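The same subunit A turns up in both complexes below, where it pairs with subunit B and then with subunit C.
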Partner chain A sequence: MAFKTSVQKYSGNVCNLELGTGEKKISLGGQNVIPFYSFDGDTGSGAKIGLEILDIYPDNWVDELKNLYGSAANNAAEWARLVEEKYSPDFICLRLVGADPNGLNKSVEECAALAIEVAKAVKLPLVIAGTQNHEKDLKLFEKVAEVLEGYNVLLLAAVEENYKTIAAAGVTAYKHKVAAESSVDINLAKQLNILINQLEVKSENIVMHVGSAAVGYGFEYVASTIDRIRLAALGQNDKTLQMPIITPVSFDTWNVKEGASTIEDTPEWGDQTERGIAMEISTAVGVIAAGSDAVILRHPRSAQTIRAFLGKLI
Partner chain B sequence: MAMTGLDIYKLTPKTNCKECGFPTCMAFSMKVAAGGVEISKCPHMSEEAMAKLSESTTPLMKAVSFGQGETEYKLGGETVLFRHEKTFVNRNRYAVLFSDEMPQEQIDAKLANMKNVHYVRIGEEMKVEIAALQYTGNKASYLALINKVKASGLKVAYMLVCEDLSVLKEALSLVGDEKPIVFGATKDNYQEMVGLAKDSKLLLGVKAAGLEELYELVENIQKLDYKELLLDTGIASVRDAFTNAVQIRRTALKEQDRTFGYPSVVFINELAKGDKFMEIALASLFTMKYGSILVLEDMDYARALPLYGLRQNIFTDPQKPMRVEPKFYPINNPGDNSPVLITVDFALTYFIVSGEVERSKVPTWLGNPDAGGYSVLTAWAAGKLSGSVIAKFIKESDIESKTKCRKLIIPGRVAVLKADIEDGLPGWEVIIGPDEAMHLPKFLRTMEGIN
Partner chain C sequence: MERFLVIGERIHCISPVIRQAIADRNSAPILQRAKEQLDAGAVYLDLNIGPAERDGEEVMAWAVRLLQENFDNVPLCLDTANKKAIESGIKVYNRSKGKPIINSADAGPRLGLLEVAAANDAMAIALCAKEGIPTGVEERIMYCTEMLEKAMTLGIDPMDLLFDPLFLVIKGMQDKAQEVLETIRQITEMGLRSNAGLSNVSNGAPKHVRPIIDATYCAMAMQCGLTAAIVNPCDPRLMETIKTCDMIKGNMLYADSYLEL
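Right, the complex of A and B next:
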């Protein structure tokens, strides 16, 4: 007998979604195969990489990153410009941590004003991440969506408790995209997508955030959830699970001990920045290999490595 | 693939003689297919039929082993392409590459790194399992290298990466008893290689240019009746290596073709070309997807922490999440003045927290109520870790007689439970701990009134 390539054809495909406007807009999704399985069919747009910036100075970040960004990190618009010019990621994730009621509790107006400044400063598409506080996010995204009309940003994220307002304001009124966030469970992801669809929001305007965890910290549930979602979307042509997936990798990896412990605390582990980058890279590769279409990273070095990595697989 | 009742029925004599204890051959066959009875209960099966049946029950992907004693490892034996379908069984193993052309300092540095990276995570020992020893042309240095690694005191299995038979023989005279992996057989040398590997049943690496050639070579080796094999995914490009890894696994499990029913080896060191972060990226990819032995340039904590964590996660059986028994655990020899800490019965969480409490050296009673085996926030969100659950757990245990201290430290992530717990536990003061367990040592050491 001779070897014959094993080919798997799927009936479904992942929706194609556009983010941003103009020359730097990006596409997510479009594939009808499992990541990197080019021997099966069309691998679509390929995973996209975003770099994280904050609306406040990143006090808790490693010194090496603070030094890298210098005074630009005091001003989100300047920071965004620096990131665009120097590191050219596919998109920028502006995380509005200052709005958190358990933190600085900045007003939605203040945050919206800052968001528009950032949007004007760069050409890259934006992902706007909220506070994880459902009530605050609802008001925050409503306002941010309004002032950013025309920029076609992604609002990260709407959950079961606040999706109605966020999806309606974000997508229907101001023509942005919305990320539907669920907790590591295929059925929860499906249910939220259906609810958002019922608001007359088309699947082409929805991205899924199906949960995230750093490698070593319950990551297997995340990987298997993404595997199952992709197999249902492609194999069973399940229209309610065909939205692209985004994973905010850096939100977890720099908080777990491997990324957060200082060299003084764990001298045997060596340089903290290296560990943080390593955790980001490994987690990002893990979710991309399972089926994530976009990852948010914190360190430019991680972004550079993931970009080179993706380049080797196309 | 497993045979159906009908498939088995076709192999019976169809005489319905009832000697098997079943009324008909069909009834018997159905029971065999369901695993309820052994085929040998029918005395009338032909030898040919038995052979067919045994073929269908041998696994599609062979489980092989290498190393000896403490360094013995199993690879392969996988039955599914995705872990949620059942589980992945034999975790991949990491190797570090040495070669005879490396300067001594480099060899020493790698050995030192391998010694340094050795720790326990959730009950599992984490270390480099294999030293890959590559021959590049200098026999004397190669043999010296083997002796050096052997004398290092490291508990590792060996992989002899050497296609020169005479050198390989000498290498085997040094480490042959430790059941090294021999790498590798090519289309030019496979007969001699099989001859060398066969007696001691050594795991034999098989290497070819491309999948067609690899397939043919494996067929030829199987004709020599040798099946302890490890398939090389090649180093032409990352894309090819990944395609090959997937195709090998898929051909075995999906196409049910046992020619590729073997574990694989990926020389990540070659693919990453000296870029450490790329090495981590590629090693993560092949840990997720179908690499069995992953050869790295070196090992340090930046590589180990994500890779071993990822591997431990991916090879966890989805049907039985890791739990620890809900009860109070004494840590650092607590006495009748030591404080009480609460966590959950999810093994990952418990081991992280107990590790940090140990590190603090502060004597404590660490308790974990039955939280369904979930992490702190998952348990809280699922209603399994509530104020009343914790209060009840404290009351029903004998902790109130073991310590007079009435300070109860709870995970920072469930700070909201404070009032509820205090309501249910008069006399206790609930203290909100840090969000992350890694801050526990400092927190405990500086906490007032407990030392």
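Right, the complex of A and C next:
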């Protein structure tokens, strides 16, 4: 008797979302199977890789990275151009850390002016990350969304405290995409999506940021939350959880001790950059295998490794 | 587990408004009831054109087209004893949102509708009855297995059958209420799907009591494994109960706004 492959069919699928414009625009999602199960159905666009840059000079980053980017890191637009030309990620994440009220507290106008410079400098899609201060982010994203109208960027992220303004300004008024951020809890992720949907924002304009952590730091919760969200989206055809997922891996991995501790402090652990890259790669592989549709990384070498990994698996 | 399947019952020729609308081929009242039910959360709509012996084929094809064209190919339950009318409805039916459901075959005179289901790759509601009202759980299960065997010889996927244990009115046949629930439990244990014609149960009860009986009986039946029901989706108490049961059973993930979905 001939061998018949059994196929796991799901009733639901992940929404297909487009980011950016022109030749370098990307799609997220679109799959109707769990990650890499190409023998079961359509794996969609596959995981996308973004590289992180900042609006200010990256004083806290490892020296190796500062040397790698050199003087370009003094100017976000130049930095973005360098990243695009040299490392060609799928997208660039511009992180507006300078706007943080607990830091430089740059004005929203200043940040918006910088964002538009970056947008003009590159063809890659942009993800704009905020300060994680809910009040500041609300004003920041409102302004940034306005000046970047037409660039179809992702605003990372709206939370329950500020989603109304960010989703209304970002998506309804200026036609961007919004990331809905919740804290590693499937029910909260679902609730925030419902609330944003109730503002007449369609699921095709929403990405989920369901929380992140570095491997070894409660990462199992992140992986299982992503996994359960995907199974609910596909298996239960839960329309409120069918948005693609983005995970800002580097925001966590370089802050935990394996990524942050210098070689002087922990000589027995070896080179700091290598550790940071290893943390970044391990975390990214974990969330991609669980179902994340996009990851944000800091080191170009991490991005290169993840790309090779994806290429081998798909 | 899959979510509970809500089939809206309000396009029924027993309603004078609908009967007249069908007779006059007047689409407005039918479309209005369809919209109300879909807005209220119905997934399938039952389309009951009665015996329709004279012009059933034409009526069914007209109504199927009307509903599917206006509501994004809404999946339908074709409800009539007229076999030719069902065939003519299926002929124009768009199955992109779900197979048509034939309502309904039984183990007696309407066993032949299973052949229609098989020939047209349709689902069917299979009433566990032959002549009159079955006397107990055993008789219902006997009809269930008879129909299952027949369906399988015809090549129907058992999952395309919704076995209906024949829900009976409480006021007058109260002693049957537990039999029906036990039958659902046994159908579920066989790994099969089931359906309820739910509004029968509260027939004759005072108007303010009916939603309470319907909702409670539905919740009890869902715990026994009931997978679908033909109901009035415009009854908010019933719909809230169904959603809450779905949530407690894990068929749907909880979120604070789950009732608004």
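Definition applied: the second predicted complex is superposed on the first by the 308 of 314 C-alpha atoms of A that agree within 3 Å, B and C clash if a C-alpha of one lies under 4 Å from a C-alpha of the other, contacts with A are read in each partner's own complex, and residues count from 1 in each chain.
Here is the rule we go by: a residue touches a chain if its C-beta (ideal position, glycine included) is under 8 Å from a C-beta of that chain, and two chains touch if they have at least 3 such contacts.
Quantities reported herein were computed from a predicted structural model and do not represent experimental measurements.
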Inset, instruction - For A:Gly270, decide between first (touching subunit B), second (touching subunit C), both and neither. - result: first
Inset, instruction - Figure out whether A:Leu241 sits in contact with subunit B (first) or subunit C (second), or with both, or with neither. - result: second
Inset, instruction - Kindly classify A:Gly150 by the partners it touches after superposition: subunit B alone (first), subunit C alone (second), both, or neither? - result: neither
Legend entry - First, second, both or neither for A:Gly286, with subunit B first and subunit C second: first
Inset, instruction - Go through the superposed model and pick first if A:Gly103 touches only subunit B, second if only subunit C, both, or neither. - result: neither
Inset, instruction - Using the superposition described at the top, determine whether subunit B or subunit C touches more residues of subunit A. - result: B
Inset, instruction - May I ask you to decide whether A:Ile194 touches subunit B, subunit C, both, or neither, giving the answer as first, second, both or neither? - result: second
Inset, instruction - Could you tell me if A:Ala232 is touching subunit B, subunit C, both of them or neither one (first, second, both, neither)? - result: second
Inset, instruction - Flag every residue of subunit C that touches subunit A in the complex, lowest number first. - result: 2-3, 251-257, 260-261
Legend entry - Sites on subunit A touched by subunit C in the complex: 186-188, 190-191, 194-195, 198, 232, 236, 238, 240-241
Inset, instruction - Can you check the complex and tell me which residues of subunit A touch subunit B? - result: 1-6, 8, 36-39, 183, 214-220, 223-224, 227-228, 231, 255-258, 260-261, 265, 268-271, 274-275, 277-279, 281-283, 285-286, 289-290, 301-302, 305-306, 308-309, 312-314
Legend entry - Interface residues, subunit B side, partner subunit A - complex: 82-84, 116, 121, 211-212, 214-216, 219, 237-239, 242-243, 246-247, 250-251, 254-255, 257, 259, 271, 275, 277-278, 280-285, 288-289, 300-303, 305-310, 312-314, 316, 318, 348, 352, 375, 381, 436-438
